[in-house]
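Dumping the structure here so I can ask a few things about it.
Labels run A, B, C, D, E and F following the written order; every chain starts at residue 1.
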Amino acid sequence: MFSLSVSDHIMVAHSFADPFFGPAQRLHGATYGVELTVRTPALGPHHVVMDIGAMRDILRRVLGALDYTNLDEHPAFPGRTSTTERLAEYLARSVAQEVAKLPHDAAPPAPAVLSLLLRESPVAWASYEMPLS
Amino acid sequence: MFSLSVSDHIMVAHSFADPFFGPAQRLHGATYGVELTVRTPALGPHHVVMDIGAMRDILRRVLGALDYTNLDEHPAFPGRTSTTERLAEYLARSVAQEVAKLPHDAAPPAPAVLSLLLRESPVAWASYEMPLS
Amino acid sequence: MFSLSVSDHIMVAHSFADPFFGPAQRLHGATYGVELTVRTPALGPHHVVMDIGAMRDILRRVLGALDYTNLDEHPAFPGRTSTTERLAEYLARSVAQEVAKLPHDAAPPAPAVLSLLLRESPVAWASYEMPLS
Amino acid sequence: MFSLSVSDHIMVAHSFADPFFGPAQRLHGATYGVELTVRTPALGPHHVVMDIGAMRDILRRVLGALDYTNLDEHPAFPGRTSTTERLAEYLARSVAQEVAKLPHDAAPPAPAVLSLLLRESPVAWASYEMPLS
Amino acid sequence: MFSLSVSDHIMVAHSFADPFFGPAQRLHGATYGVELTVRTPALGPHHVVMDIGAMRDILRRVLGALDYTNLDEHPAFPGRTSTTERLAEYLARSVAQEVAKLPHDAAPPAPAVLSLLLRESPVAWASYEMPLS
Amino acid sequence: MFSLSVSDHIMVAHSFADPFFGPAQRLHGATYGVELTVRTPALGPHHVVMDIGAMRDILRRVLGALDYTNLDEHPAFPGRTSTTERLAEYLARSVAQEVAKLPHDAAPPAPAVLSLLLRESPVAWASYEMPLS
C-alpha cells in the first residue's frame, strides 16, 4: 500500500451554538494545519500515487474558499456546527469531488482512499477518511 | 471514519532488568510525549467523536498517576518491564476504562477504537491500539 | 547568559480595519502558539532563571483573558489593530506586570529580559522583546 | 495492535526523465526524513515489537548505501524514476530483507507489517507499507 | 524589539570540491527549510514590522531562482563552495536587495536587521544575520 | 554574523532536593533534546563556522557520559541540583573545553559564541550561552 500526503493551512473564525462546547460558544478562531493523504495499493504510470501538483492545487482551491472567513456564515455548517470533525469531513468530500474530475493521467489508480487531518492546536487534531470513487 | 486526538506528556524514571536492553538496564528516564486518538465511523449528537474536554481530563488523570515517578516501583511493570510498548498498552487500557464510565453524551459512539502513542525521543516512538467496548 | 522558556496557545477571532491587510480585513481567526522566554545573566538561589510553575501560571492567566474571544472587541487593539506584532507586545507587557509582582524567591534575578513569540501559522511568526524592571 | 517506530534521514540528488514532473526534470536534491514503523499484534519475550537497536542499525545500513549519492545512477530506479513513492518502496523492501535475517530474539513476532514514510519537504511526504514474512 | 518571520523551502543538488567535506564531495542534495526574520525596534504605520505579503513574495522569488537546480553550476558558489553558511549568506543578501526596493509603506522601519536560517536536516541548521540599510 | 547548529538527545533520571520543586523532588526523568549552536562573525577557510562532523562528535561524546544515567549521582550537580539551566551550563562548558582542543582547521574562528539549549518537554526549554576562548 502506497500513500502520498501534502499539507497547507487556513485561518478562520467560528463559534458553536451548542452549550456542550462551553467557552467555545463565544466567537473565536483557529489556524487549522491541513494534511491531505491519498492511499492506493499500486502506483500509476508515472510511478506516483497521483499528481502532487494537482493535489496541492485542489487542496489550496478548496481551502481558499474558506480561508479568512467566518465559518458561522457558511451553509455547510448550519446552526454553527463547524466542529473540527465536521470541517474535516466537508473538506475531504470537497477534495474528493475535485479529484474525481482529474484526467486519468493525474488521478490516483482505483481503489483509492482519501483522508484529511486538521491540526487545530499543538494539543488537538481530528480527521475524516473516505473511499475515492 | 472519523478520528479525534489530543496530546500531553509525562516525565518518569525507569530501568530494565533484562540484559537485552544494554545501557538502558541502568536507571535513566524519559519525557514521553503522549498522543491519544479515538476513531469512530460516525459522530455523536454534538458533531464530535467524543467530548474533547473529557478526553483531555481522562488522559491527564491517567498520566498524573505516573508523572514524576519511578516506573520501576509501579505494579503494572513487574520485574522492571516498562518498555515503551508496555507503557503504551497500560495507558491505553487505563484510558479505555475511564472512557467507559463517561455519560452517553460525552462518550464516543460504538464501535470505537482507541490508540495511544508514546514519543520517547526525536527518533523513537511506539503505540498500542485496542477496541473500546 | 541563561534562558528559560515555556509555551502555551490561544484561539481567537479578529479582523483588520486597514485596507493594507487585504483579505485579512474580513473576520477570521487564529490559533497562536505562544512561546515565552526570560533571559538572565545569572541564576537565582534555586539554580533556575525563575520559578517555571509561576511562569506557566502567569502565561496561562494572561492568555486566559483572551482565549476564545474576538480581539476586535478588546480595548488593547483600538480600530482593529491586533497584528501579531501588537498582540505579542501586549502579551509581553501583561506578563511583565505579573512577573514584577512575584516574590523575590520566584522572580528572575535582575537584569532580566523577556521575549514573547507568537506562531500564527506553520509559515509565519512574530515576537516582542523587552527588559524586565 | 502494537507499533514501534524509529527515524533517520538521507541527503540525495536526483532528477526525473518523465516530462510529467515539470521543473523536477532538472537535477535537484532532497533531504528525506525517514520514519520506519513495524506493527505486530503481540509483543515478543522482551516486551517489545522488535529490538530497537537492530531496527536503527538496519535502517542506517540501508540508508547509508544511498546517502550522499545521486539516485539517477542507482539501478533500483532505471530511467530516472526515483519518485518518493518508489524510493519508499525500495527502502521498505531493503529493510524487510534485513529484518528477515535477524535472530528470533531480535525479530518482530509474526504476523508483522512494515511501513516506511519519507518526508521530502515541510509540505509533502509519502509511504509504502508491506507485510513482513 | 519586534521581529517578524516567514518560512519556505527549496530542493537543490550540490557537492563540495574541498576534501574537508568527506562523503559530501559526492553529488548529493538537500531540502532546505528556510526561515527569514526581520527585526526592528519599532513598528511602522500599519502596526507591523513589514508587509508580510511582500516578505513572502520576495523570499519565494529569491528561492525560486535556485529551486530545482544544481548549486554547483551557480556563479555565487565558485569552486563548489555552497556550504549551508554560504547559501544562507547569499540568500540573506539577495533578500536584503529586494527589501531595499520596497515602497516605504511596505518596508521595515530603520534600523532593521535581517536573518536567514536554513534547516538542512532534522539535526543540522545554519544562519546568516546582517543589518538592512 | 553566522551560526551553525546541530542537535542530539539524552535520556536521564534525576530528582531535586530543594522543596521549591514540589513533585519534581521525587525521582523522575527526562528526554532532553539538545541543540548546540556556535556563532562567529566570519567563516573559516572551508566556508563553514566550524567542522560540523567534529561538532556532532564532541556533542555526542559529552552527552554520552551522561546518557542513561541518574544525574543525582553526578559530581557536577551536588545536592541534587541538576536543573535544566545548570545542565545546559555544564554541557556548554564541557563542549567548549573540547572545541578548544580542535585543530585550527576544524575550530571556529575567534571570536566565537556557543549556546546550548535543552528541550525537556513540548512546553519547556532552557539554554546557556558563553563565549568560546
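The rule is short, and it goes like this: contacts are C-beta pairs under 8 Å (C-beta built on N, C-alpha and C of every residue); 3 or more make two chains touch, one makes a residue touch a chain.
Note that the structure is a prediction, hence the values are computed from the model and not measured.
Q: Just how many steps, at minimum, does a route from subunit B to subunit C need if it may pass only between touching chains?
A: The fewest touching-chain steps linking subunit B to subunit C number 2.
Q: Would you mind reporting the rotation angle for the C-alpha fit of subunit A onto subunit B, rounded to the nearest 5 degrees?
A: The two chains, subunit A and subunit B, differ by a rotation of 120 degrees.
Q: So which chain is the furthest away from subunit F, centre to centre on CA atoms?
A: A
Q: Going by average Cα coordinates, which chain is farthest removed from subunit D?
A: The chain farthest from subunit D, judged by C-alpha centres, is C.
Q: Please report how many Å separate the Cα centroid of subunit A from that of subunit D, as a whole number.
A: Using C-alpha averages as centres, the distance is 27 Å.
Q: Using mean CA coordinates as chain centres, what's the subunit A-subunit E distance in Å?
A: Inter-chain centre distance comes to 31 Å.
Q: Check each residue of subunit B and list the ones that touch at least two other chains.
A: Counting only residues that touch two or more other chains, subunit B contributes 7, 122-123.
Q: For subunit C, which residues are in contact with subunit A within the complex?
A: Answer in residue numbers: 7, 9, 11-14, 23-24, 26-33, 67-70, 120-123.
Q: Name, in rising order, each residue of subunit A that touches subunit D in their complex.
A: Residues 1-8, 43, 46-49, 51-53, 56, 105.
Q: Applying the document's contact rule, which stretches of subunit E touch subunit F when the two form their complex?
A: That would be residues 18, 20-22, 81, 83-86, 88-89, 117, 122-130 of subunit E.
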